[in-house]
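Structures are listed in the sections that come next.
The two complexes that follow have chain A in common; it is paired with chain B in the first and with chain C in the second.
For the complex of A and B:
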């Protein structure tokens, strides 16, 4: 009898301990997940729901079906923002990845001196915040007092108004963005190059391949996953361009640097049309996913 | 024979080192030239920060008189120090909280089996591909209604739940040997003590990586504080410095002083801890 009671008590204690043990992973995840739910997951889902309403923050949101999406489709300013973003993204992604890969190949090569110092030097701009970098570039692009035009004047060349000319302004932002990101991507490409076993390259070299042949036929194909990663990442950032364009030009002059996120920011936080801005954010999310899948298919298929 | 072989290698080595230098120096020179161009904007900003207004408009390279007027104006006429404090304060608290949240959660993901584990993990991973400003819109509406705009809390919490951070922590935690954990349990060590006293010390390099990732994400963030902070007192450094631009002709000297002062602490930290910085920034894929 006492033994039986003792056994039950023991079992109860055991199962309580088991329950506690089962709860432990949830308790450990709770601080992260509660915050994540409140500030990321919840708003991401809510944004989708709000995109079908006329929510303006104050009054109760009304369900209006696809009206926001129709309005986006019909707004020529949205198409302009999309065209600007696409143009900017195409130039930025191509130039940035080409330059970063070339730089990484140089850093990886046997002939380069001061390797570590050079790597650190190129990475330095990455540590400067985008907005601060944009402010710094005021003194590069400014008409009259900017370094670019001082240099061009000294050389007797024409001096465009880098931030004031609608045809030129987007190039100024591309220059700033590439300057800021080059070291970052070079370091990622460099890490990819380091992962390629050097005896592969050595063997090819001993077989009489010239250095550029080794690079073109051996190194680059082996580097393809890294290239794909960098292209997708830089495309996502290109599509999300906001900080520099907002600081330098506020989307102007004449909407020539208007990007999708600036369009979204103006709709949401200047006109406080939160439902409409939510719809824009989901159009952009959709574009980002499509771009990533397309690139993966294009580059991935070629790989086979 | 031996002598011949030795001679031979020496010969080939000399030929190699003869072939190497010229190309090597030219190539290095080219890369250094590009690096010099890349460094120019920073150097130009430093020089301009020490120029008087008339020097700036004269367009000279070197300041005629090295003046600290711009820095004095910046500190006296703007809320710069307050913004610097805000930025540092929220970045440090976010980092401490975030490293704690991510390591605790990453440990649970790596070393425990529980229902819903896979689903929760994939939700976190999938959220990375959704642009961050999607969250800004509803949060702005909600926080405005709750009267929580303009609070430090809003600047801290979103950065403490970093999806990349928990992912990286999970990767590192997988490497913690199970035998060590079992030994701790047999010795009667409680589960939290086990995390705190055994797992956390083993994660030290990962804590640095994730810490830098979170710190930089908070320090550099722009659209979030831009939307959420409404009074000048509560601005962070990027929002404050960008607001100095104004609508009229900018005070270039003061702007450059602000941008130089703002990047200096991070550049110094980077030069001291290059390895962790590069790891934190490239593994976390932050801007």
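For the complex of A and C:
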């Protein structure tokens, strides 16, 4: 009897110790989860609730059901913002990833000289603040007197109003954005290339493959996880385009560079319709999730 | 050895509590003020005097970009914490902040001062029989011109009417010189440029009750005039607001005029210092020989106090000190050439002081004093600016005539703002 009690006590003590040991990691993780709850999950839930209200910031919010979502559906400016964002996203993601991959392949090759200098040169724009970049590009794009138009004039080419022509303005944003992001993505691709075992490529070469065949049939297929990552990340960034377009054109001229996030910002901070802005943010989140899943399915399936 | 008795502990605690009470009684009330560049300079210039007059209040002044400031102020109002006690808000955006219900009612403090502000300025803080905030500055428009170029081309000044203005512009255009600048493509920043013309002609977009003025012939005509300056007469240099190409044209002497408020002098001084003494100011032209001598504005600023401030009295004292005080209001003219909203300050000799850049001329005496600022009703201006800016872009982009553009502006304002 005494031995049984002693065994039970010993077992209970052992369980407590085990429980304590199991809980300790969670204790260390608690600060992160508490912060996540307060500054991420809390606002995410709160903004979802606000998206069904007419909240303007201070006075009591009034529940208005799906009215904000209906308004989004009926507003032609939202659809224009969506079209602009989709066009921008498609061009930006394609050009950026093509150029970044080409740059990474060039840096990874043996024929290129001054590789470190080139790496630094392309990565430098990533470190430059947007304000400085915007001032620089405003001077580059300036109509008639900007560096770009002076160069085009010297070459005898047409000189568009880069920021003032509705047909051209979105391209100015794309140029600035690619200039800023190219180095960052090239570094990611370069890291991916470095991770490919050199003996695989060497074996292909020994089998008589030409350099372009090695790249096309060996390097690129092995790089697919990195390509997928870069495409998904750049798409998310593209859908969230705001800073460059806002600083250079404020969404104009004639809404030609209006993006979903500028539309959201205007609703929230210029019109002070925070309930409506919350609804727009949920639509944007939904679009980002759809785009990421679609890309994962398309590229991921092929990879498998 | 020191013996700690219960009595000693009690005495120590009492002494510390008393010291704490005494300290808190002497502690200053700290208030924060958010503004930008020239307004920060003006506030810093009078801060010491305010703190001398109010030794129990300490003012902390923060310099923020004006648009960041508006955003942060809104977030702080919504959160109820983290905001300033007083903030400077763009006048044309102020109605949206009133609508949030987060601003302090200043009716009691401001009612006795109603006669000290021009009606056009007072109307921006008045809402439903109450007042919110304190007017700070007005930005009435003048016309700055290159006296040397005008003289060389035989143009007599002042240009009394817009008809005279266009005639002079045509003379200069023959030499490849523009008489003024128009913000095109417009976007939101360019709308303020058009408002100068609309306001000076009393072409209100909204009536006093906030309804859109329908079939607004005066506004339509004004837009046609604005368009013709650029496209028909080809006498206005067109570029985005503050674009590098505009300043380059000023430096090259291809622009001989600038129809804007008085802050332009600082901008011209900075961009074209070698043109010092060549520029002059004249009053905003009239809309006909017998038309009233009026002008428009590029929107002024208003001092806002959030309801959530924990320092209501101190915040009010500071806001009144910088918004309703002759000496302080004069400083905002000195620091940024922003015309005081508080009318007693307009009598200050400081405003009559000559500018070296303008060949010793006083902007106020020469260009602003001879004109009265018309009223202009701003309602839901955040949305209205986007609608008008887009239509201006379509008009200057050749997609619409000015008349079509104005009709579409009216339609959209009515349908989207439900006014």
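The rule is simple: the second predicted complex is superposed on the first by the 265 of 304 C-alpha atoms of A that agree within 3 Å, B and C clash if a C-alpha of one lies under 4 Å from a C-alpha of the other, contacts with A are read in each partner's own complex, and residues count from 1 in each chain.
What we mean here is this: a contact is a pair of C-beta atoms (placed from the backbone, for glycine too) under 8 Å apart; a residue touches a chain by one contact, two chains touch by 3 or more.
Model, not experiment: these values are computed from the prediction.
Applying the stated clash criterion after superposition on chain A shows that chain B and chain C collide. Contact with chain C, but none with chain B, is seen for A:163 once the two complexes are overlaid on the shared chain.
Judged by the touch definition given at the top, the superposed model places A:249 against chain C, while chain B stays out of reach. By the document's definition of touching, both partners, chain B and chain C, reach A:138.
Once chain A of one complex is fitted onto chain A of the other, the partner contacts of A:171 are absent, as it touches neither chain B nor chain C. Taking chain B and chain C in turn and counting the residues of chain A each one touches, the greater count comes from B.
Of the two partner chains, chain B is the only one that A:261 touches; chain C does not reach it.
In the superposition on chain A, A:269 contacts both chain B and chain C. Once chain A of one complex is fitted onto chain A of the other, the partner contacts of A:69 are absent, as it touches neither chain B nor chain C. Contact with chain C, but none with chain B, is seen for A:59 once the two complexes are overlaid on the shared chain.
Within the superposed arrangement, the part of chain C that overlaps chain B, taken from 2-10, 38-46, 74-82 or 92-100, is 74-82.
Residues 57, 138-139, 142, 144-145, 269, 274 of chain A lie in contact with chain B in one complex and with chain C in the other. Here chain A touches chain C in the complex through residues 56-59, 138-139, 142-146, 163-164, 166, 249-255, 266, 269-272, 274, going by the rule given at the top. The part of chain A that touches chain B in the complex is made up of residues 21-22, 24-26, 28-29, 31-33, 35-36, 38-44, 46-47, 50, 55, 57, 103, 106-107, 109-114, 118, 120-140, 142, 144-145, 147, 150, 179, 182-184, 187-188, 191, 233, 236-237, 239-240, 242-243, 246-247, 261, 264-265, 268-269, 274, 277-278, 281-282, 284-285, 288-289, 292. Listed in rising order, the residues of chain C touching chain A in the complex are 70-71, 74, 77-78, 93, 96-97, 99-102, 184-189, 239-240, 243-245, 248, 307, 380, 382-383, 385-386, 389-390, 393-394, 397, 399.
Considering their complex, residues 20, 23-25, 27-28, 31-32, 34-35, 38-42, 44-45, 48, 56-57, 59, 100-102, 104-105, 107-109, 112, 114, 117, 120, 123-124, 127, 129-141, 144-145, 157-158, 160-161, 163, 166, 191, 195, 216, 219-220, 222-223, 227, 237-239, 241-242, 244-245, 250, 252, 255-256, 258-259, 262-263, 266-267, 269-271, 274, 277-278, 281-282, 285, 287 of chain B touch chain A.
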